[in-house]
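What follows is a single structure, written as structure tokens, with notes after it.
To keep things simple, chains are lettered A, B, C and D as they appear, and every chain counts its residues starting from 1.
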């Protein structure tokens, strides 16, 4: 049951892999709120069976696209406008991957080709999406673009590796492009810095269970889950947040401004 | 026409003085979204004719209270629960006043009795509201408390005077109390850092017109107005932002992350 | 053995209580670096035997002053200029005390008279020192004023109580007064945000040992001690940092930008 | 005339192009303070005549190296240890270049090969320097590594283009590598966020004069110049700042925490 917050709005959602994905939940919620949208993912990452279920359930079309390819992005955005019948109102960028992490390279022993590849997928892709949509004049005024980020952009979490640097770059792109897109088209751009979330992507990181556990105990409200994150994305896509732009918004149960909790400090009492 | 975002919710709104007030717009919007609430203001600041119009329009009761008086606050919150028929879901704190500013004292020539009085009204009152509501066990779980702030808490705007220090204190109270209220009752506490707004309070500050003008030109989307701020408050009171707490949220058209704009830099070309 | 970094400079050092005090170490180091200075503390906090030893060792005069009393401050600063033979080049403010903490009041059960008293001692005193020195035209150009702060001004450490709000206010005063003092006299004002330190003041806080331990394990270089902090103060008083102003400078072994360390995460592995 | 702050220390200084360069001033000051060091620059950027003058004046050796080449860096660092007779105590990274800026590409019309090249030179090179020095076990305990940054990493300055994103990445690398290097070797890593400076690099940016002028008027102490920046670098290389790590340190006359100045606001009075 929605509140018609996105009634009549058109969107593009990147990164719905399976039911655990935040992008998946966003698609379900956007549908409830009255939006129509296109689902997209990298051909290589897509599990057609699963995403087709989501497409069917939400009345959406799936258009595969490699978010690092300008050609694919141009095709995706052009077709999306055709399919949806007009300019786009919202975009969700939920894409991230570090080859160094996957290959088990320590942060002080990076393979720089891996580094560049991970940056391209995780951060530069966000710039490419916006540069392409701007060139195609694809966004409606007051449209809203959101990318998912993580607090490793501000503080070090050792196992997060070069994804920290990618997220810093991503958040900078949100500010920089948000400035230009705001001035030219009143489009706003933000990142949501989400609690660690037990998705397929997250679960690939070393020591992730311990980390989720630590984060839970360091958050006065506990970790935010994927469903709550989807609600927050809806809010950011709605007309009720029109003057919020170029921000990194923590959606984390208070983790970001908590120095320590009672529960955590007690582990240091001996 | 609302979206039922606050359907069935009960609130207390501090600081609706007249139609220019952000709190006034919040009351109108909260009513549209299905909330019931009590309006309150300091007896000395209240213009009964005006606020009674708002009360009538929104089906609300007015309960005067000096937000620096624990006695008044206890009475206000107890009566509000009675009138509204249950625990409270949201509180808006939109209160601020510097005696040094009013009396024309420069920041380097403060009268410290004025300073203390201004701090009590502008910042300590926020702590008092929450301490009282917590003692009365007055907030529902996942309730949301918002205070309005300004970026002078982070950067210097010379004419803002000791209100800058008051806002820093206010934002710290949001974090500190937000931690404790989150752990004990899952209540969340945030501040919204709003663009300079042409309200009765704002217009008392020296050089305010120039300042509004500067801020407009330094914001990629322009200054956010009171109506947009009210929308954002609604969002923060709704269930769609449950895991956002202890944050200071910029609602400013991008001002906070803009170093300079093209329009501004052009004034420095000679 | 010093480096003549403060040769010929005159200062006022607040807050040297005993050998554990950071202000004590600053006095010793300032002496080594060629400065002459006055030592001061609240009459009530002063242990004359101890501070006289420090005075003797560093060739300094002790002038008691209550830092919340404008009268005392005026006397202190005037006499300091006489004793030292000219205007002042540096001031250290190392003063802090929460009555709520001392009396065991929880943050959600403050006594607001205690709150006001603590704010006056811990934060407003910093404004009073600067307002008085400015009125007396007591600072040399490029003079440097430093107050000690703590990261609780940014993030919640539950037992730190209302000192968190006091430190937020203190850091705001550094920015605000730093602006005006910079424009008018090229005086710079900064706060140093120091690791938790085992001083007489620190050891009064509940759970302080656990907290020091946690902080040590969350800091890649370990906690900074009082001697290292004194070195950093010297640097900030020297001519080598002339363009650093209105800043809060973390001196904490990396704690502030560390989300978690390997050592800490391991406690969450079960 | 120095203060022996770097007596006996060994360093590597990247980026001294000509007398305007900050790195050039750092070399002169490091020499005064008793350090010995190697000068390096990209073969393509080096003007041998000029840098040889600096080398002669400071008794240094010049070793050309492309900071994006691991091979060159390995050779540089190995030879530096040989030439200087031991492990390294300090490194200055003063390297930055955007191909998009040089080629006049707008931020919303990037050539992504240019983007990647600029990132490699401006930011990834910093990681490469540290990864190489760590593998060679080249740094002494408590060694200090500094890279120069700019506030565009936090806020948008439209003409700064993709250098903003590069600086965000650079600062993230400082935090991430600072964590690991701190834990393993007690090496500290920081960035200094410097006022815009009239160097050869700076002067290539469009509208740079207007920008310097704006920045001057927005800084309570005025813009910091290259000589003052060199002093601050010396301080960060000295033993007096041992517990400062993973920080971004603003050296900017107060610009970063100034929302507006009297001088600037007056331009908006009509």
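Heads up, the rule we're going with is that contacts are C-beta pairs under 8 Å (C-beta built on N, C-alpha and C of every residue); 3 or more make two chains touch, one makes a residue touch a chain.
Not measured: the values here are computed from a predicted model.
Student: If more than half of the interface residue numbers appear on both sides, call it same; otherwise different. Which is it for subunit B and subunit D?
Tutor: Answer same: the two copies use largely identical residue numbers here.
Student: Based on CA centres, what chain would you say lies at the far end from subunit A?
Tutor: It is C whose centre lies farthest from that of subunit A.
Student: More contacting C-beta pairs: A-C or A-B?
Tutor: A-B
Student: Taking the mean of the CA coordinates per chain, how far is subunit A from subunit B in Å?
Tutor: Using C-alpha averages as centres, the distance is 30 Å.
Student: If you average the CA atoms of subunit A and of subunit C, how far apart do the two points sit, in angstrom?
Tutor: Comparing mean C-alpha positions, subunit C is 42 Å from subunit A.
Student: What are the residue numbers in subunit A that touch two or more other chains?
Tutor: Within subunit A, residues 155-156, 158, 175, 178-179, 246, 257-258, 261-262 contact more than one other chain.
Student: Would you tell me which residues of subunit D are touching subunit C in their complex?
Tutor: 3-5, 175, 178-179, 182-183, 186, 188, 195, 220-221, 224, 228-229, 231-232, 234-235, 238-247, 249-254, 256-258, 261-262
Student: In their shared complex, at which residues does subunit B touch subunit C?
Tutor: Residues 70, 107-110, 112, 115-116, 119-120, 124, 127-128, 130-131, 134-135, 153, 155-156, 158, 162, 164-165, 167-169, 171-173, 175-181, 184, 246.
Student: If we count contacts the way the header does, which residues on subunit D are in touch with subunit B in the complex?
Tutor: 151-152, 154-158, 207, 209-211, 213-214, 217, 257-262, 264-269
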